[in-house]
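Dropping a structure here in structure tokens format, bear with me for questions.
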Amino acid sequence: MSARGELRGWADVALIPVLNLVVALLVSGIVVLIIGESPMEAMWIMLKGAVGSIKGWSYLLYYSTNFIFTGLAVAVAFHAGLFNIGGEGQAYIAGLGATMTGLGLEFLPWPIVIPLAVLMSALFGAFWGWVPGYLQAKRGSHIVITTIMFNFIASSLMVYFINYWLRPVGKMAVESRAVGNFDFSTFDLTGAYIPSLRELSLAIFGYRLPSSPLNPTFLFALAVAWAVWYLLWRTKLGYEIRAVGANTDAAVYAGIRPQKIIMVTMAISGGLAGLLAVNEVLGAQHRLVLEYVQGAGFVGIAVALMGRSHPVGIVLAAMLFGLLYQGGTELSFAKPEINRDMIVVIQGLVILFMGALEQTFRPWLEALFFRAED
Amino acid sequence: MLELFLGAETLSSTIRLSVPLILACLAGLWSERSGIVDIGLEGKMLIAAFAAASTAAFYNNALLALFVAILVSVGFALVHGYAAINQRGNQVVSGVAINMLAAGLAVVLGNEWFKEGGRTPALSSEARFMPIDLPGLSELYNVPVLGVVARIISGHSLLTYLTIALVPLTAWALARTRFGLRLRAVGENPHAVDTAGISVARLRYQAVLIAGVLCGIAGTYISTSLSASFVRDMTAGRGFMALAALIFANWRAWPALWACLLFGYLQAMGTRLQGVKFAGVEIPVQFINMLPYVMTVVLLAGFIGKSIPPKASGIPYTKDR
Amino acid sequence: MTPSTTPAIELIGIDKRFGPVHANKDVTLTIRQGSIHGIIGENGAGKSTLMSILFGFYQADKGEIRVKGQPLKIRSSSDAIAHGIGMVHQHFMLVDTFTVLENVVLGAEGGALIGPALAKARETLTHLSQDYEMDVDPDAIVGELPVGLQQRVEILKALFKGAETLILDEPTGVLTPDEADHLFRILGQLRDQGKTVILITHKLREIMAITDHVTVMRRGELVATFETKKTNVEELAEAMVGRRVLLHVDKSPAKPGVVVLDVKNVTWKDKKGIARVDNVSFNVRAGEIVGIAGVSGNGQSELLDVIAGITRPASGEIIFEGKSIGQLADPRHLREEGLAHVPEDRQHRGLISSFDASESGILGWHYDESLGHGFRLDRDKVVARCTKEMAEFDVRPGNPLLKSSKFSGGNQQKIILAREIARDPDLLIVGQPTRGVEANERELGLRMAGVMREAA
């Protein structure tokens, strides 16, 4: 409880996240110092690697696409007062939906297959989120534990599916057949193959972009972010989701059924996480690869916390993490002493300071502010 | 067939695989019985495994490795304690952060110190907790039946026997000591503890510290006894499986032992059944691997029995009601 | 009953603030040893804060506490316990999963192992239960005991720790009348054994029935202390409220019409199976205002929840405009049928404090077609509606984009009232219409109710 009142809106929305980010980066800088490298130099290499070239930007945006989806997934659940740690599993299972549609309906023209594959990604992810939602709403199981368990179940299940059902006979790598193909010389697009921007620009303009997996899904992610904003603040369902999250008793008073909202929200959340499959499976790797999610589901937690669960904040935070991922890769090339996992350290610190220690600097900031105002 | 399912080798490996689960499960038990949810068991074990393997690689001393691992794990536990107790932060978020921090730091530091991409060098036997043959039992190895039993219970490391001893100790301490009584009370109703004039924060810090120590031992076991070096993500979800076992055990020490042995057995079988065919059909091991998690989900949903967590777990304590 | 000359407790000039709230203003109070001393006052009068300070749960900003003439600093509950002060809180401080014995020894274990303490507690409990009509099975799990027995465990806990002075905070709120009588007998026996009892309550009946002295508090201040024998209910009530209690509102005579709401033999039980609403029947006609009176905690809130469809009765039937509420079942359908509800706990249920006023202003009506077609929620319409309602009801500040929590209690009340009345309901349920509302706003609320009646 603050004796003097709350911080102003903008400080709450922008200053605290930035301050927490700075602290997280400072601590990361200390880790770099321990390794015996210069934090400033490391930061410079990361920045240059991520935003100093078109290639850097392409990778940055490609990574952000994943993080926008998983960040939105976590945020939507947050708004209903739910903590969905299961984005990782939901995205993984969604890959199955995307791949099965791509492989099974390969004979259909791409304007039909791609939307179907997108839909199936969302539906598979939604299902994997809905089940824990159902178990919480109807059976009282705690969503955090259930979604953690579902990550592991998904992981085993997918090894099974890829190994026993999707891996072509005789192929060593644990991955499915390609979900489609694109021949840019003839503009011949088959299956659920979403071409990269590089391929598209070659096919349409004959212009050669630097190689990167960036594909139109990035624009789709921006549209989805807008849709989530619309859902939460411009629809009745969104109102109900936020009401349940903010005050369940008041929601019940208003005739909203929290159980229904929990299930619906978890399905939406899972569906959003599932869209990661569109970027990765359809757009980047064009096949289902073992462990393809690679922790993006967990990055979503950091992104949602950093972005204050608002789609605009999430897009910005996702780009920041895109920068860290791309910059981190460049850094590990330029300085092998600093492993790429440095990003994971930063991620952990961001979650720690943004999420669990969020209030640490608040009293201090408030004191500062009110003294300034006196 | 019987040899495959219940042979000395299977059961002995069940025990080996159960040890880290039991330690982490007891860590979770102490923490959660005091009202602090600990998703960060995995991270604490991982960083401890790394600390142990690094120390052992530098100084060739297993006991020193254990000591350093416990220190490091306790350090991480204190971060969690500070976030959960002083800052009243979200305990799940804090746990997730600890897991990431541990996973990242271990690889980054390991890469810098040993230049093997996050691995630590293979440890010599002085630097490890090696199997010890219990006196008197090795002579029995070739005796029928008794020999099997002897081979199951002998030939484990010091840490294994320590772990087994910790189970009754935990059960006894919780049930019979003042500390145990207060700790159980603080996880159920911290207000009752506070009005009795006992510090809630102090009790919870003690619990978090115990969890740190136990995860430290678990990590040491994983990198210096179960294997002979640290590799990235080597805890492989054991912290979460321990949480599952904790739910299965209904937050009690003895049932925790059985649940961990069961999960350890499933892990052992998962490895041993790889590629084995029954009547011409191969059972995909993935289904055995996911069994502990599926069982936990089913149990949590109340389809079989009911598991009731400590009432105050995960809820930050504030005086005002 | 021979009160010694040194008072059991003296509180001198106790002052306590919580931020802007001045919970205790310079309170001075003396409590005689071997007596039952009542402290009475409305919600928020500062009774519980004062006792929490005595029990070391909070520290006073100013003032002195003396126990048996000795000035003391009570910094924590353990200090209070060490000086023979015990407290039975309104919400029991029991560990539900523990046995009675384990609960009793918690905090008084006497050593690192609890075995000896448990044995000692078992023996003490036997004595105490013989002395004071307090039979409790020492090995019962507390959570499985009925509330009356749980309260007895709380008293035993305090006595086991050597309490000479026992504070009870609203002890009868959760008890049946029988259980309450039993409790009073126990308290009487405690007094006869020379113990001092402080009873915090807002029920006048209890004060008159068992106390020797009574102190009245209002808005953090001590109003007066009476000898119970020499006062009466009217005098106490007036001291509590601070004005004549018979409130007179100018109103036109009612012209009751058809029956709108018919409540038949409704019973509602809480989680522990205690009937908090017990076989209640009444009806409400169009054009009349029906008051449900009673000291809070007697089941009015629960009754309102049942009528509004938020909880379901264990038995009985409620007919609203010819339809059984059992069929309509949820608050949304009831609203559509013309039932509006201003909940008692406005800050917690009537609005969502983190939402802006315009969003709180549609709570419960948010699905209405007039706010957007189909799934859409038209923000402009939501804001426009709120702006209009704010003007009509003179909500200040009249800013629909301000967070709900930033309005004063009275203005929050108006936002809710405006929302509920706007749809021209056939029946308006209002819980505690004047709670937390300043006098002039109170008047407005009552006038609005009058307007409603005319319109119905």
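The letters A, B and C name the chains in turn, as written, and every chain counts its residues from 1.
Going forward, a residue touches a chain if its C-beta (ideal position, glycine included) is under 8 Å from a C-beta of that chain, and two chains touch if they have at least 3 such contacts.
All of these numbers come straight from a predicted model, not from anything done at the bench.
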Dominant interface by contact count, named by its two chains: A-B
Farthest-lying chain, centroid of Cα atoms versus that of subunit A: C
Between subunit C and subunit A, distance of the C-alpha-averaged centres to the nearest whole Å: 46
Length of the line joining the C-alpha centres of subunit B and subunit C, rounded to whole Å: 46
Computed distance of Cα centres, subunit B from subunit A, in Å: 30
Interfacial residue positions of subunit B with respect to subunit C in the complex: 176-182, 184-185, 188-189, 191-198, 311, 319, 321
Subunit A - residues contacting subunit B, complex: 31, 34-36, 83, 85, 135, 139-142, 144-146, 148-150, 152-153, 155-157, 159-160, 163-164, 298, 301, 305, 336-339, 341-349, 351-352, 355-360
Complex contacts: residues of subunit B adjacent to subunit A: 39, 79, 82-84, 87-94, 96-105, 107-109, 111-112, 117-118, 232, 237, 240-241, 243-244, 247, 284, 286-287, 289-290, 293-294, 296-297, 300-303, 309
List of subunit C residues in touch with subunit A within their complex: 18-20, 308-310, 330-335, 341, 343, 348-355, 359, 362-364, 366-367, 371-372, 375-379
Subunit C - residues contacting subunit B, complex: 55-57, 76-81, 87, 89, 91, 93-98, 102-103, 105-109, 111-115
